[in-house]
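Below, chain A partners chain B and then partners chain C, in two separate complexes.
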Partner chain A sequence: MAQPETAPPQTAPAPVPAPVTPAPGVRIDGLTVVYKTTAGELPAVRDVSLTLEPGTITGIVGESGSGKSTLALSLLNAVQPPGRIATGSVEIDGLGDVVGLAGERLRKARGAHIGYVFQAAQNSLNPLKTVGKQLLDLGRSHGVDDLRGLVREAKELLGRMGLDGARVLDSHQHELSGGMRQRVGIMLALVLNAHLVVLDEPTTALDMITQANILKIVREVHAERGLTTLVITHDIGVVAEVADRLAVMYGGRLVEQGPTREVLGAPRHPYTRGLIQAIPRLVGDIDEARALPGRPPTLATVPKQGCVFRERCALRMDICETDDPAALADGPRIVACHAVGVKERA
Partner chain B sequence: MITATGITRTFKQRGGVLAGREVKALRGVDFSIAKGGAASFIGESGCGKTTLGRIIAGLESYDGGEIAIDGAPMTPLKPKQRQPHFRKIQMIHQDPYSALNPTRTIHQTLQAPLALRARQTGRSKQWMEERAAEVLSLVGLDPGSVLSRYPHQLSGGMRQRVVIARALTVDPEMLVADEAVSMIDVSLRLGILALLKDLRERLGVAVLFITHDVATARYIGDDGELFVIYRGQVVERGPVDSVIADPVHPYTQSLLSAIPVLHGLEEPGEQPVVPLESLDESRADSGCLFARRCPFRSERCESELPLLQVTDGVPQEHACFHPERRSVIARPLSGV
Partner chain C sequence: MTVIARRLAGHLARGLVMILVVATISFFIVNNIPGDPMAARYEKLIEGGMSPEAAAQAVKVLYGFQPTGSLWQQYTDYMGGLLHLDLGVSVSRPGTPVLDVLGEAAKWTVLPVLVGTLLSFLVGVILGVFAAIRRTSKLGDALAISGSLLHGIPQYVLAMLLVVIFATLIPILPADGPVDILFEPGFNAGYIGSLAEHAVLPVVTYALSAYGGWVLAMKSSVVTVLGDDFILAAELRGMKRSIVFRYIARNAILPLFTILALSLGLLLGGAVFIEKIFNYPGLGLMLINGVNDRDYALMSGAFLLITGAVIVANIVADLFYSTIDPRVRSGEEAA
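Up next is the complex of A and B:
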């Protein structure tokens, strides 16, 4: 099953040229998603506002339990009970507020407008059906009349990603490698011509060379098809390679966002700084890498009031105990931290 | 001191259309680790690095070659006789969620191996209790709060520490850590790596580190040796920093080129190497195992297998007919 391995991402994520088809913009405003537990309803995502500019790639970085996957599912209005979107809106160009969508309209929107590549897409295929059969199922459930055209489009997409389309469509998932399955996942998300694509952990469980290849494909397909792309990951390296804009999530809050290079080069929120400092590097003094003390909160241990990060924060002040810092904008950068605010006013 | 010489292992497919097909997982691997030393194996999935770790830990059999533990060769021994030797080598698995029994408290989890150790060394029940608290403290956990808990009450990072503590109960000389941090939250990873590094220094425990993340290998043992393994053959080996800074084998260069660049902090290397195809185990090879994917192959590479060797002007051992230094890794931007 050899196919050409394309170049690993080396060039910086360049601003995307004018898209062929208008990519949709997305405006998430004041979104709160709660899960019902024995301790009452607890917020997994709390008061998150995030704008995805048309034609950009945004990366959301967070640890397990930070709420990043819940946030991504909200884009499809697909948060499953016991979870529910409590407040806020998700406005998508051409669709309106998806929080208000339901039933058939919501089902049509998923797939046709929003493509979603699920976490562990490698394992989300039906083991009993060939990829081609699953593609036809997808087409039928979305009322596609021209199924031949759909297959043609699928082959073209697979070919674009360096695979032999006809052969892949005839294969069962066990005949495909992890990297190939991931590409099938991307194909299924795009084949109905969605222009908003969400990739949840697109490279987890892939090794380095395959990861580099997938990231390059994500970037190229994004530019060629004129997409708005959201990448969810725990790996800063992944967003550093693909994203124009980076948003950092912690304990259900977006603590920092801004242009990727600026955030990585000069992180402002203590959590972002700590995360970057905790990455072991290939050159230089290895003792410069420092572990973040403490551990990330879970749904049950997220503080009910005050800053979500204060337990692990070196810059902690009295106000952090009581007041949740607001996300304040400074040009393209947005930071939610009392200490950063103080420093700038001083 | 643990020494492995010429370890080979071939898996035969059973049943199905591929029956009888052989996969050479290891094709003669040599290495040795001294007390408190470190060695890291890097490579793609399917390159044999996990099989090697399992063989060294005594969990998997080998076809050829020899493992010597403190000078005692294992091959002549019966499985039962090998056990006390392999006790000295303990495995830390990738997934701390499945490595601990969810129905047992941490206290119960530690008691089983401690009871064994107490029998072997003629120690008392009192010693077992003390030792349980001691190994937990060694891995940075508070025995008072952890002993009575169940695994689900601990975070991933704490669970991995418990797994390491359990390994320490039998006084190992070496830990085999197979992707030991890849399932741990990013902010907690460095803590586990620092712990392994610390155990090397404080207890003189050697670490065999198996990973696809070169930077973590460097963190645990920048004084140790780095082995780059491809389809069961070590294709490059040398001091960690030397291999990272001056790789000469195109496969090593491909692996290092694929590491994401932290744009804003780093700039990409100048001569990235990209393999021509992806890994395909099913094809028979006549020459160099990497030749089909290698952008620099020559005719010789397709007919003759290069062996690990030392050549003039090359800082580390390599298995390549055309070794050439290339600048592939990302460099920190100046002024950041």
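Up next is the complex of A and C:
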């Protein structure tokens, strides 16, 4: 059943969602997502291409409003109105292009093939029902015949994450702490045996100890179950902790991507450099951290042509005003910047 | 279960105190209303051509049962009577206990108002969901406008409109009294049919005047829940539409149950104008007549009944809420 990694991208949607192969690969190509506003349709994600290799953890870092959550929702073809995917494709092994999925096929792909974990602070559970009853709703929605088996699997997963499964399933949302809710969210994303998992700000609003626990769980569960994982965060510490590969997002564009160690150790794009310089160190003077000048663009202020980052860029050149820099690959690293010749530092 | 029992006991104790307070206040207020029922009757008899002596005698015989003694004496007698559900004797219908008068009138109020309220709740809540889901379309606009419009028209204006339309312009429905006197009261088709026919306009009035509030309340409640994260979360987990719909409906309807319980509590006292317009012999009409006749005992009894209904409705609302909302339940346990 295992699909080779080199399987050619399927252009047409698969007829019926095939049984999930462990660790699907994902190829996002030329994805543009626009939101309808009074000023017309404005892009929140523009021409993004990103490949998630099977079995890897990819981190997407960006500030609020950089379009990272919109990108995450695109993986489930779940961009909420007034937004819509304008162009591009999201090919997932075993599913085909999810941009072309709709109706029941799309619904069944969500949950069964792609697990989505919400930010812990968000209330992702129905406040009136116990976790167990919502688990059964989930099972019935996906035509699971063996509901006892599903409950057993859920208890195992919760136990694996250090919780008392029986007690948690019998609890309402308000009886669980933030860290427990987050583990319940991870359980619900995995219990139907999805092998592609998207975590949107998995550690935001959790205390440091719980953050560390959740990240440990994400890493371990990822390895044990053979997942392809995408972590969306504004916290570079989180991606440094878990991600194999890192993509930096700014103003709806992916400005730099590459192996996490390389990108953090030798950032090339001026935005990535600025981000890393802005992190205060635990030891040393707080003044060593330098804030990026200016402020991030919003949907309305993001430049329509030229480089999205030029307003805040120290390396700005004339060409940045008019031409959007292309994302150029150099081995595993991809940078979109006129000023930084990727070859020059390689 | 013990939590519920403890809650109930607390409510009952508070309710009892409230009833005593209301009984006291209404007793003294009613006793201070200017006018004297015996003098009024006396004058009526004289106008009817009776000699002053005979009239005085008749009034004395008629109202011999009336409490005498100081106001304090009367108050303690009244409160003592309350303990045995003795609300005193009606003045305007000499010899009839107030409780019997209230019971006779209540049955003409409770059923039509109950049917009207439940009907409007059902229709209003269902249409409110559509008004919320289709809020950007013409259907949503139409539903919201219908809600605002009917919510804005006073109940008695609506009642008179219905009378004009369905009893005068197109006379297809009766608008006077509860039943045709032609029929033999009892369990026969003619009598029941006539009862139902006469109840249509009052019930429709209650339903239409309450409908707007339900539509608007449900619409805003559903819109709020639709924006909640757990609805998006359920969709992203691939939950069936029907299940997501149930999640929305159950969460959105919660606050409306409180309003429903409270409006059911007010149903005994809320029909005064409507019963007057349709000449329906319920509690409202009885209260109007009671005021006209300076029937102190009847007025006090009616106020007490309405108070009791509101208190009971509050208790029911609270207990009901704590069974359907787990957050309220555990809040009590934690306390």
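Assume the second predicted complex is superposed on the first by the 317 of 346 C-alpha atoms of A that agree within 3 Å, B and C clash if a C-alpha of one lies under 4 Å from a C-alpha of the other, contacts with A are read in each partner's own complex, and residues count from 1 in each chain.
Just so we're on the same page, a residue touches a chain if its C-beta (ideal position, glycine included) is under 8 Å from a C-beta of that chain, and two chains touch if they have at least 3 such contacts.
Small disclaimer: the values here were computed from a predicted structure and weren't measured.
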* To do: Check the residue A:165 against both partner chains and state whether it touches chain B (first), chain C (second), both, or neither.
  => neither
* Structure fact -> Max touched-residue count on chain A (chain B vs chain C) belongs to chain B
* May I ask you to decide whether A:83 touches chain B, chain C, both, or neither, giving the answer as first, second, both or neither? => neither
* Examine A:126 and indicate which partner it touches, taking first as chain B and second as chain C; both and neither are also allowed. => second
* Asked: With the two structures laid over each other on chain A, which partner does A:275 touch: chain B (first), chain C (second), both, or neither?
  -> first
* Structure fact -> So, in the complex, the side of chain A touching chain C is made of residues 73, 76, 78, 80, 107-112, 116, 118, 122-130, 137-138, 140-142, 172, 174-175, 185, 188-189, 192
* Which of the residues in chain A come into contact with chain B in the complex? -> 1-13, 63-64, 177-179, 207-213, 215, 234-238, 240-241, 260-266, 274-276, 278-284, 286, 289-292, 295-296
* Structure fact -> chain A partner, complex, touching residues on chain C are 228-230, 232-241, 243, 247, 250-251, 254, 324-327, 330
* Spell out the part of chain B that touches chain A in their complex, as residue ranges. => 44-45, 155-158, 185-191, 193-194, 212-216, 218-219, 222, 244-245, 254-265, 268-269, 272, 274-278, 280, 282-283, 292-293, 329-333, 336
